[in-house]
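Take a look at the structures below.
One chain, chain A, links the two complexes that follow: it is found with chain B in the first and with chain C in the second.
Now for the complex of A and B:
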């Protein structure tokens, strides 16, 4: 019971002409904690653990197929105590805020470019970190809310609690008030995703942040060290640098490991040209606080590496670790049902999203050796629900999934890298078409075009099926999307070159490719429209 | 249980918010955790409802506002976090229909429809139109704004 007393007299007096009519009578009422049935168990056809891209897509489709579904979602606070709402990584600390901040960063550049096109813009454009962050967070909160409303509209029970297995048919949800709810279910889908890893350097967890924290950082990041050369590290360093915060990227080995390395080097060249500092083949050894509350980082050459930037130290305002993500399977008690996971990564082994336990499935970033992308998780989740509760037998196709790295100059691709193509088919069976190109809008503001490059890898023998398409340039995501549909139709080089381009665009460059690597000819553009 | 003020303009709203922010509400702790001690808290949620004015018969020109009224009142009595403060802003039809109305243009609100309920000072999450008459949606809204946390 709680009693609410306020000083009615002085309160009423201070209300002026509102006076007593607006002061309600005080009376005792019982506490209104959010109640949840804890007696007995609740029966479901499907319990989804994880309310992110994959989990929600699966749940909504399952309900559409007539199943009774509950979704559990819970966010373990980051080491910096950052938390967020429903929707998973993509909505809260991934794709959405990333793309917004990348866009915000490019807008600053556009303001400067505008002068060359005749705009009179007084003064210098400066980013207000808090205003930008608040705009982004506002948007995220609206998505959290829309997601929540959508679950209710779809009659999906939403439990804001931490899930674990008691056995193959029982999920236990631990709520905020530590109460436990038992959910009996015919099927389980694990869609818990992953969270950032920290380096083992001394002081990393205490003083560093991760992508979990950057999008809601309470003060401007200042001079930043990003540890990690994967797409998360490069994208973050990219937009931070664009905002005017001096940025450094520390790479343990190579940038965008596993991606086409020639394209990766273009991306890095572009970032270097924009002022991002790269420390190569090094790992941080220690982080410590300086007297003026900044962070002193000491680093050394990666064990076993040759060359690189070598040992060093510097002081930063922010250190962001982007050294990989670990699947959040440790606390799920998967062993209670006997679900097999990878010892080191914690990821779940599946065949067509089914684990070794027949009624337990998984989708999204938690899967072993599958692309960690929202649209992949969404499609896999949807198809899985249709197979589980509908009559559809369609399996998920994980091949030829297009993706884009949203660095300042973006890199979009679909299909295989040149390295992977060579591995599978042998270099003698491949033809690689390539070209540098000049976006029409770049020369006037004197933007650097030296990294605007495209590459198409195809088989040399008929039919010359296209194996991979790679693009570094502006709006790479928009450029590549349509081509992934073409790849799905197994487009050949002849068909691609028979396609007429839209002029003037950057995407049309794919239809103008003539020079192969094998010919040794200069891939630089000669003239505009020839 | 909540305390409620009714205002007719942005200036009055700002004044009401300031007043609420100055007062302290006395509340007792959850009995299961401690002995029943009463203490003052300064930090309680302030919910703002923007609605349509009522005529002499007490009927609003805004049909959704009319539908939402009794539901919001019920929600305030039985579902609102404890303690909390409510401020209803009444706008006339002319005021609201004006595209330059301050509640449409001011960056703190940017309303596109009424009734709208939000928790000051956040623009999101918010309840709009029919959601304000949906007791389940209101329950979710309170839970989203003021999630229960472990002590």
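Now for the complex of A and C:
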């Protein structure tokens, strides 16, 4: 019961009287929060290991369905000793700070663009890294706090400790003071997510940083080498470059591997146009400290690769490794319950989020072969809880999940890449509509439009179901979101082209597609409104 | 009222001591019990967070207004350091300010309010104190 309510009731009843009862009540409430200072063998319907997007969504839904739930969350400090609070990767070292820094970076560009629209702006805009970082970190801390409050409000026990299995019904949490708490539970959900890998280059762990560190970096990153051409690497290089820090991306093979490669090349072209340097088909061999405390990186061609930038070396202020993420399953002692995981990746094999052990489940980035995205983890976690404790039998649909790469010019898509569509249906059964377009606001500040491109892949036979929609341009996330709902309804090309666009927007370009790749006609825009 | 001003004037030269005496931080329930609930004078309790911009405006303003008042204390609680108190008072947003007198919560407000509202809040608390003293 709320102390506040108690006190005001007493106050109304007895003005000015010292209330021993209120004092005792407050003391009782405060001592009840020290539940884990004693033995603590506690019984639960569900223990969730991992307080990130998937874990928290699952826990909250489980409680809503009447289950008794505990959530464990623990952050192993990065090799650079970076730590963070409750909320998982997304809140602390992922989506949220990434989007904020991407936005901050674009604002710098907008300030310059503003001049051509008539704004008088004295001097040149310069980023104050620490001020920007502090603003982002303050926001993250407020989210950490709201998350904690929300757990309490939902009556979910929160244990800030490192979880592992003792057996299929027992989770052991090791607290900061090394005390252990045993939680007996009917079910376990593993939602521990993943952490950045480092390259095997000499000196990588000692001198490099990862996405765990960049968002709270205590000094401006300066001239930066980003190793890795996945979306994390490209997004980081993108915003760092936008802030004015000379940035280089080193790709082992291709950018955005697994993504539509034509769209990936647009994204890379745009970044190159903005001054990001790309070193192709190379891997770092060694990192070493220079006398002036910078980092000398030596690299060579990727073993087995043809062509590429070739051997080289250069000095950087910061080296950021974005070479993949590894599931945090090693320390979970999953073998104590017999849970099967992938030998190399450590990810957990599941069917409908259930592992090979009937009462042990998993959601989020820790799952084998599922999209590593917050909304996917959230939805999967929620539906899982409903199946476990409610009457809903709905399964998670991992298909047609829209996503966006937040590079300076963003890439949003939903559905299949052209490569995957060809693999599944054969190129002769596909029609690919495409177009370059000119955002209305771009010509005045003379922004480069050569990478503003969209593509829709559909089946050639009736009904011409849309298989994939791809968009490179500003606000790609906002543009694509609505179309993912259309994809869920199995929208056909006819329906898409029958849709009337909003003018002037960039999203309307999807309703104006006429040219197919097969026709060989020029996909460049002619005039504006016709 | 005259008595009040006299008291205020006589303590003016010990402002720094007052600063130590009537503004303090609380980081655990025991201190809260001792210095807020069992305090002879009314206490304004300010739930504050370092990452919260409105808090950075409100807390100094509260300090500025409370320091010269002989009969009111100000307790500042960092929400990160004291989750039990945060939960006991159901603090869901910061800044949150409650007024405690004789172990009872007698008033509260949430969010950054303008200077006039803060002054009225404090005045109301000291008026109650005076009423009871006479």
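Simple rule for what comes next: the second predicted complex is superposed on the first by the 492 of 530 C-alpha atoms of A that agree within 3 Å, B and C clash if a C-alpha of one lies under 4 Å from a C-alpha of the other, contacts with A are read in each partner's own complex, and residues count from 1 in each chain.
The criterion applied here is as follows: a contact is a pair of C-beta atoms (placed from the backbone, for glycine too) under 8 Å apart; a residue touches a chain by one contact, two chains touch by 3 or more.
Keep in mind it's a predicted model, so treat the numbers as computed, not measured.
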Partner chain in contact with A:160 - chain B first, chain C second, else both or neither: first
Touched partner set for A:141, first chain B, second chain C, both or neither: both
Partner chain(s) touched by A:152 [first = chain B, second = chain C, both, neither]: both
Touched partner set for A:176, first chain B, second chain C, both or neither: first
Common interface residues of chain A - those touching chain B in one complex and chain C in the other: 2-4, 7, 11, 18, 22-23, 26-27, 29, 31, 33, 138-139, 141-142, 145, 148-149, 152
List of chain A residues in touch with chain B within their complex: 1-7, 11, 14-15, 18, 22-24, 26-27, 29, 31-34, 85, 138-139, 141-142, 144-145, 148-149, 152, 160, 175-178
Chain C-touching residues of chain A, taken from the complex the two chains share: 2-4, 7-8, 10-11, 16-19, 22-23, 26-27, 29-31, 33, 137-142, 145, 148-149, 152-153
Partner chain A, residues of chain C touching it in the complex: 29, 32-33, 37-38, 49-53, 79-80, 83-92, 94, 98, 102-106, 108, 132
Residue ranges of chain B touching chain A (in the complex, touch as defined): 1-7, 16, 19, 23, 25-28, 30-31, 38, 77-83, 122-126, 131, 136-137, 139-141, 143-144, 147-150
